[in-house]
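In what follows, chain A forms one complex with chain B and a second complex with chain C.
Take a look at the complex of A and B:
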């Protein structure tokens, strides 16, 4: 994008820059300053930046941000209470308004955690806005190491909750390294109270070592006035598998970027997600799967439900480099549009440079099938219940790759909450 | 797999030397001074003997163009175009503008069209061109038989455009009997100014995009079609575009208006000589369909694609758009893209009228160093609008083939339907195939389906054919033809035969 000078900063941009300037955030201050300078120089991306084609961040990110400040342990514990755990026996690392709070929960065997912000993502252009914002506002962070060959029997949770302090700007940064041959499940969860216009930025870098399998669940349950900027990158080694599940059930403005790099033969990406877009929400999931070497596979499935005045976005890209022969990649994005005021935009892209591949994508948009609704209602089921049933049936396929039934039930409960409020 | 490896090797060594239309006609030309400025535009306008309003319109477009920047979002790479190093007008010398009889046309010109297989003498069309052809062949034994094509099958009216001028338009009188106006754009500006003023640039606005604006400023010729209410055009209409002169750009402008309840089928063909430098072709095509009208627009694009190293070839930057203004109107775009070094083309439909239909059928074949970025836009505005997109991309050699399409359903467009299928076939491991669809819905009652696949010819399919004694090259041709069948079916019959042959030529060496 050509820079217009002098650039007039929007309220959102000014507020973000100002909040960082007034903050007492520690950590790598030079990276923080560089990120703020880049935002000031190039601004946030508009629709003209292809990566943000459907999310005009410059217009959507509203201001009024205050720098987050640490809270007492008591406040921190209370802030987590409204959000019951998804896995009862999990070890959870707690983050409140960006700050890490150690409640002394015992780590599962085979996992070690180092407190401290992992290195900031390198980014300069406004197409990397999500990374820049994280570099500017991330406060707490940990590096999780899963030891080689260990099959971890308990779930590790990374839980971020907003305390309700007014409109804070904060964020977290995690690094998760799954050692060779290991097997583990990690849940990242972000929750916050409704009516609070806070900004939460999350950046996660995952590496999955040779032959390792990592199940990663990302449950986004931000408050209905919140902005969330998230980015998750996954580096897959030889014969490594990532099993990623994404639930979007909250937030006013959500941008979640997911990038996979298959760097070792035999790598497999399994990604499934449910995006529930209601009220005034704008939810954007942008995924990129890069196949760099031969014999890697990917299976991507997103089910979206839009209602109210919600705007849903799905951008999915599959890139197959020239050496990546025998890639097998599939992507599906199915959407239900339930109201006349909601909308959905999809951009499922294929970029193929190798000839011996099987790649495909499918995208559909439609309303609930009236005859199904009629069938249920003819049997005495109320319209609301019938609609909810059909919606649940529509998204059910996204749960299929999940092995842990209890976890599935817990996530379904989160979905039911959303359905109760929106359908 | 050995069999396909051989094919890949053949593709690698493939030279695009089977371009049959690469000859140039040695004819003295009258050109505008090189470069682009107001004087060039005044020169073109004066040559065409245009009214003042047309000149003013062009100059205004030029002013706007100067403030615009060349788009760079498409997946194509080419050397920067020096707009001051192009001749914007080239016409055969002693060529008088306006209606003329064939006897006044330079015989060399007629020979060019004979060579291309485009008969311009109506009586010949009706009686078959054999006699003339034999005479010509006797005169010049280098004459190559370019085969039969639709133009020789009779019943096709042709507007032949040579560089910047329309040489002749056939069957005008017969068409006039039915009330159909079919003439060159220059004639239309003079003879039917009210229609031109009313419809020109109402589908593609003057400042729509960089190349369209440039076209507004410097367009030279093209076809104008007006089909009155209730008339079913009695024959196929066609335009044959030929670039001949060196360093020239061709900027044609086509406008087709189908009034209520009318039907017209229009074909477009194009070729150019084989040259080392790149030439620019920036056209604008506007279609307008009123209530219950139907327009079928078919293109077989075969501009010179450049040599195997990407030297030379035509830059084909075209803006094509149809406006389904009336209720239940229908526009169908069918394209077979085999030529051009770089293609940047998105024939679109604005489905404004309730119940209107848009269709897009495309086969894009790229080989050598060709780059194609093509697709369509279906903008659903009216209620009960439907659209269908079938796109088949075949890449071979070191080419890049991108489908870029948009389906947009507006809030008012209740019960809109879309079906999109874009398939890519890769032949060889040095080429690329990309799919970039944009699917946007604001209407809950809309139903959209999109599917895309990319693959190579499967071993199973090939094995099946080979096992039944079909030679490998033939088997690949068979599979490729099966792959594109859905689109070929949409072409007028004779055109389909030509298109099928063209695909064979473009992939020669990789398919039989």
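Take a look at the complex of A and C:
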């Protein structure tokens, strides 16, 4: 018998642990320390961890991280300027390099906000890397309460922007609780400058109360050298609806986990997303929908556009527990591959223990249809413009669940920016 | 306006030669009809004029308004005024017809150094042109050609032709799939575009279309070559006697 040789940490792991050790973050230092210890003991996940089957985090998360420090209000305001807000009348809560900055914007009626990090996600194994990293590096956070029965008439924004500070490792943690019978829209957005190898970690826990409808937009527009580790969990009560839209239009390494738990009958999950994967980006969206009780429904649609040397990943799991009879769940993942060097991996998984359910999934991969391109060009539309028209047509269905046309236009504009840079 | 000399074309994929030394000259203001049996190369000619890359030109030249047409890509040819009315217009899901029309009109205006159309001006033009062709404006809010009947698709082609104001119109079997009333509407649309500065090439199997769009010249295409040219009476002769005699006489 030989003793286990000590684990050799990668530069990314060492750098992450070291940045936390050198930081002066406030808050629950014991949770931070526990998370760092877990990363040190188990390392970041490789492809051998099924949850990370297509994203070798150990190899992909590069080092060079620095602890984040707070910036002045002036710097904080300037850092947000390149990113005009998606909803003009929104109330936005601002986060910079993880820190919360209160610019004194008036909250919409029916919403209250408490400053402070919500409780750290409990995590120990390396499959929980996203949660561990958040527990280690999250700095700012808020808890958002949407009052029972209120139909909120303005959008609430949770906007993270990276300042010019190079290579910081930081993050945010939010809790959003939609009270019974409420209706509201929340936009979470993460932006940052290109060429900055920062790490942004986002953890969000959402509860949607009985009969409530929450629309949540997640717009990921990180800089082209950035790493983002995100996790979003949604707990749905009886007759509750979550309407989640995800746009991935940035980042070098993005891992976004989304977990839904339908815990009350009549709950409905509507999730639509567009993943734009170009340049050298590695974008991984991993979603899990858990149907625990009878009579819940889910509709999931992702449209992916890959180009350059981009690598995209979609893991979509639907779990139907034995009591969850009459579950109706659909999942679709459709991908356009526009270059020879890009790739996309789709892994739909259904695990069904109930016997009277409807569950379906489909995944397709295509290139742009040459006959469409020829027809458009035969009317004088340049190849570049024609390709764009067809790409936008391809993703259009993902916008269908969105009721707010102005918001849709704003997100399309973000997509146009990406197309300008990548297609 | 258009000068085709000794044109040899083959299918890029399997190298089957389709056009074998085709010569054709079309002047500004002229309406030229190309007739011929199945497989004679009529559609190939229309695709080669518009620049489809499934075809390979192995010999010969196409000169359009003094320029080498073969040097231009599909969009450049269209922007320079070459318009192909498709035999089978393509359905494009997800692209609204109005978005497509605006994009196409502005692309060509840009090419000519003109300002982009304002939305009200654009809508006004489309409404006017749609009315002339008896097209319901609401249909244009649907994706390009999706769910259009055969006749609606052909009308939509002529609508595009009217809006884009091309210099050389190539109509590839525009009469196929049209009932008698629709044929009249479409022909009126084409006749409306007849202009001393515009040439039209009408590719068809049948004399019937040429009763409505009366050609200045008629050319018989067989096995990839023009084997006989004449005036509109040649089309009547073909209708009466069929292709066999003329092709045999030319051989």
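We adopt the following convention: the second predicted complex is superposed on the first by the 418 of 423 C-alpha atoms of A that agree within 3 Å, B and C clash if a C-alpha of one lies under 4 Å from a C-alpha of the other, contacts with A are read in each partner's own complex, and residues count from 1 in each chain.
The rule is simple: a contact is a pair of C-beta atoms (placed from the backbone, for glycine too) under 8 Å apart; a residue touches a chain by one contact, two chains touch by 3 or more.
Since we're looking at a predicted model, the values are computed, not measured.
Contact with chain B, but none with chain C, is seen for A:325 once the two complexes are overlaid on the shared chain. In the superposition on chain A, A:339 makes contact with chain B only, not with chain C.
After overlaying the two complexes on the shared chain, residue contacts for A:361 are found with chain B alone; chain C is out of touch.
By the touch criterion defined above, A:73 reaches neither chain B nor chain C. When the two structures are aligned on the shared chain, A:376 is found in touch with chain C, with no touch to chain B.
Touch criterion met: A:390 reaches chain C, while chain B stays clear of it.
Judged by the touch definition given at the top, the superposed model places A:347 against chain B, while chain C stays out of reach. Chain A is touched at more residues by one of its partners, and among chain B and chain C that partner is B. Legend: residue contacts after superposition of the two complexes on their common chain; A:89 is shown touching neither chain B nor chain C.
Shared contact residues of chain A, touching chain B in one structure and chain C in the other, are absent. On chain B, the positions that touch chain A within their shared complex are 8, 73, 411, 424, 426-456. The touching residues of chain A, when paired with chain B in their complex, are 50, 53-54, 322, 325, 335, 337-367.
Those residues of chain C that touch chain A in the shared complex are 50-52, 73-75, 78-79, 83-84, 86, 89-90, 92-95, 99-100, 103-104, 107-108, 111, 143-144, 160, 164. On chain A, the positions that touch chain C within their shared complex are 371-372, 374-383, 385-386, 389-390, 392-394, 396-397.
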